[in-house]
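So that you can tell them apart, the chains are marked A, B, C and D in the order they are listed, and the count of residues begins at 1 in each.
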Amino acid sequence: MTTTIDPENLPFISETSVSVEIETEGMTLNIGPQHPSTHGVLRLVAKVDGEQIFNVEPVLGYMHRGYEKLAEVRTYPQITTLVNRIDWVSGFSNEIPFIAATEKLMEVEVPERAKYIRLILTEMARIASHFVFNGAYPLEIGALTPLFYAMEDRERVLDLIESVTGGRFHPNFNRIGGVKPAAGAGPATKKDIQDLPAGFYQETRDSMETILKACDKFEDLVGGNEVFIARTKNIGVLPSEVASAYGVSGPILRASGVKFDLRSTTDYLPYKDFDYEIPTGENGDCYDRWFVRLQEIRESAKIVLQAIDAVPSGPLQAKVPKIIKVPEGECYVRAENPKGEMGYHLISEGGLGPYRLKIRTASFSNISVLPWLLEGVLIPDLLAIMGSFDFVLGDVDR
Amino acid sequence: MSFGLELAIKVGVIAAIAPAMALALTIIEIKGSAYMQRRPGPLHVGLRGLIFPIAEVIKFIQKEDIIPTKADKSVFKWAPAYIFISVFGLFVIIPASPTLIVRDLELGVFYLMAISSFSTIGVLTAGWSSANKYSMMGGLRAAAQLIAYELPLILAVIGVVIQAETMSLVGIVEAQKEWGVPFVIAGQGVAFVIFMVAATAEMMRVPFDMPIGESELVSGFLTEYSGIRFLLFYISEYINLFVMCAIASTLFLGGYHIPLLPVEWVNFYGPLVLIGKTFALAAILILIRWSFPRFREDQLQNIAWKILIPLSLANILVTAVMKVVF
Amino acid sequence: MPKFKLRIPGFLKGMLIVFLNLFKKNVTVNYPFEKEKLTPRARGVIALDEEACTSCMLCARQCPDWCIYIEGHKELQPPSRPGGRERSRAVLDRFDIDYALCMYCGICVEVCPFDALFWSPDYEYSEYKMTSLLHDKEKLNEWMETVPEIQPLEN
Amino acid sequence: MDQSENTSLLDSLSSNFPSTTNDFDTLKIFVKEDEWVQAATKLKDEYGLSFFSWLSAVDWENDVSVGDPPKENVQPSFEILCCLSDTSDGNFVILSTTIDKTNPIINTLVNVFPGASWHEREAYEMFGISFEGHPNLIKLYLPDGFEGNPLLKSYELLTREVKPWPGEVDVEPMPESDEEIKGDDEQ
């Protein structure tokens, strides 16, 4: 349901034609690691003339935990616990590409039921991540109430994830070869099967209904508001060539008009069995980036609704040795993370842990385009554009 | 009664009413916004949170009042006083009934506009003297915004003055009583909207709260203030809200007058009616605060200079023509 | 002169939504007085069943954070059948989990081959001093009561 | 995997580039060091692989002080990987070249893909590889006073040395414990 006010012919309130006659020397403003709206510890050193910025230089590394080095001293089951802490807003979907890469190297066939459960939980993680964006972005622009409504709806999805996996942010539910089969390895705990709990289907259907209603509420409350449109329309327009040259992926690339979604091209999860559209924006400004993510919540809710009815029965995990040694080989698997393309380049030399694990995160490339995009922009727009990129510092600094 | 005693009583009454009204509006805003966001708001303070503002006042008084080393000490210390004085000054001309008024100035509206532009100095000095880039930008934004919205505020009121043919607020309310219909219906509806928009900008409330833009400027010119100085800013913000809504209801909604009630007891129901109308207006402003994002300051200037001022000039023209015709 | 196209002004609908939310029930769970219903699989704390543990050190090895410390020794037990030889049995001296380091990943519970470790959703064990987050085996045994039974599953 | 079906890209690539491998559905092209930039521009212009995914390096070393050494010993060198993809049907190619460790210099891809600058800065500070012609080759993540290149295999992890491993077995292993547990060597 598009908004009642069609975005084309609503004229832009004002254009920022700030003509500088008075010669004022620039000021370097540290939008520093400690700032209310840098989504974490990102520091922007901005050369500012009055309110207009003419050069922004992000300083990274405040959140660098050195995951690629840690991965080399960990065994494969331990890395999944490490990896879902990269983008902590969408916990579950970080593990998927790594597990898929290991399974590909070990040539393990994942049972259907495990694939469907993984798909349902990934789409729920996407809904949770996009709700955080839906709550935090209006906050950047000054509206305080959408945050509370977004967090309330997100609570529903997190409770569902917790009822299945036990953890809300860091579910750690994926095992190589499938999903966590049982609570333990002893005679009694082996029988405590970690399958979907009773009443899960009914609860998910109710939650998805309320989430679809919440999306319409957000469309009126945030998208319809003229002040929001004035603050986000035609601001931070990112052409698609620049986006792909910098490796910007995910909702931001789709907002620039590129209809490219890794869910439909690679088959790391059975997305082919469901029909869903890929929302794209027209002119790649902040409004489109916000609107594409709102549509994606709707699509994910639809996918989950279809997926619950079609979950096949069967084992939860394929036959996998207790001590996992991945045979020699090298492969790169990428997945559609809520923030963009997340990929793992896994080089294994047959040891207990990988020889080298390159983690390609979405937000790192997404914000590498910011210095180009923030030339000559006013400070409030800097925050509107940065907010629309929905990055998480763990994702950026790894 | 000698003038001194009368003056002392009046100042005493105002010194009691103004903070009480500010605390009442604070609790309405905090509890109201909490319920709007489906959370209970402050609960454990006492009486299910209703005495929260008193707790806050005490908290701010006993908090340490930090003055940054590089700040311009004397200017930094005096900044909150300017705003406090300008906001208190406005109480002089608000009529709770034809006699219940500090002083019914002939040039009431003129006095009103002069005093209300005094707070700009307070905000600018606060921003400039805190030796902090963010508060300096907040101060400059505030100065530009307050000056830009001074004009529509004044031009909107001129329409009312033409229609009521007097500048004294009691006279304006009497004119509305004689017209039988409050001015907001009798031709001054547009002026009322302009006045409310300009008043929101004067009070630096959302959607015009760029000077205290939390997500951009940390908290604008208030960044370096703490302790009792921050309390002065905080209380004067809510007194400003009360005063502006009181003036709006006096000029446009008929102040202490209600058509049905008998005129003799105006001294009794007058203040209640005035406070009722003021709190209604304040409630609308509170609802606006929690459902709007924030403008960018160049959009804000555009709205002031390109929409509000031409509109208010047109309104004056129409009122003048109507005055001549009827 | 930018003009506002006022068909159904968006901000009025926005204000209506915020106004209607005024009358809806509050969502907050008032923590100390009302407690949120926990899902039985929530990973709150790890409980240890002391008899079952044979100090095989598998969980201490697999723990990514190195936060499980185990010491045990061997003991001779009286023979089960009269005349049989004594059986040597590993006895647990010390089994500490340092919850300051633990990241609740659950590898230890999964790896334990003797049903000694269980998850319990209880979470109210915050401390004033970080060192007292090191739970010894008596404390871990206490958590055993809070471990829920096996929950019914979807068909 | 759809990657392996579209053989059109595979055979058109293998015609132009000598050694392309496609195991585990990862299309990998080996190029000599000096053809690095031309290969990238060719891939970008002719094959439409205009999406710059990532660029990184691998430190091939025999005596490693961290993790497990490679299976058969390998000639010590840096392997530089650069992944390019297209934004239509999602196939990707990994461009790879090896440079020796004595003087690790390779020319930069910034003029072909502006997005490469941060990835190259990261490889510079993590491996010590310097990129010829990079506009501002300074540290990206690490604080200024940090010496050493962390991702080199010779760079040990300090905390693992300081803290004794709690998995130390001071009680004799269980008599009937199966072989696998014993084989679990120390990390």
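We adopt the following convention: a contact is a pair of C-beta atoms (placed from the backbone, for glycine too) under 8 Å apart; a residue touches a chain by one contact, two chains touch by 3 or more.
This one's a predicted model, so the numbers in the text were calculated from it and none came from an experiment.
Path length between chain B and chain D in the touching-chain graph (shortest route): 2.
Ranking every chain by how far its Cα centroid lies from the centroid of chain C, the top place goes to B. More C-beta pairs touch across one of A-D and B-C than the other; that pair is A-D.
The centroid of the Cα atoms in chain A and the matching centroid in chain D are 24 Å apart. In terms of their C-alpha centroids, the spacing between chain B and chain C amounts to 53 Å. If you average the CA atoms of chain A and of chain C, the two centres end up 27 Å from each other. Distance between chain centres (mean CA atoms), chain C to chain D: 37 Å. The set of chain A residues that touch two or more partner chains comprises 13-14, 74-75, 145, 149, 152, 221, 225, 227. Residue positions of chain B touching 2 or more other chains: 36-39, 290-292, 302. Of all residues in chain D, those touching 2 or more other chains are 184, listed in ascending order. If you draw each protein chain as a dot and join the dots that touch, the picture is not a line, a loop, a star, or fully joined; it has some other shape.
Applying the touch criterion to all chain pairs gives A-B, A-C, A-D, B-C, C-D.
Listing the residues of chain C that touch chain D in their complex gives 54-58, 60-61, 63, 66-74, 88, 90. Considering their complex, residues 3-5, 9-14, 74-75, 77-78, 81-82, 145, 149, 152, 155, 159, 162-167, 170, 172, 180, 182-189, 191-201, 217, 220-227, 229 of chain A touch chain C. Those residues of chain B that touch chain A in the shared complex are 33, 36-39, 133, 137, 206-207, 209-210, 213-216, 218, 290-299, 302-303. Within the complex formed with chain A, the chain C residues making contact are 2-5, 7-11, 13-14, 17-18, 21, 27, 39-43, 52, 62, 64, 103-107, 109-119, 150-154. Across the interface of their complex, chain A is touched by residues 1-3, 23-26, 28, 50-54, 56, 58-59, 66-71, 81, 83, 87-92, 94, 113-115, 117-118, 126, 139-143, 150-151, 153, 155, 157, 160, 180, 183-185, 187 of chain D.
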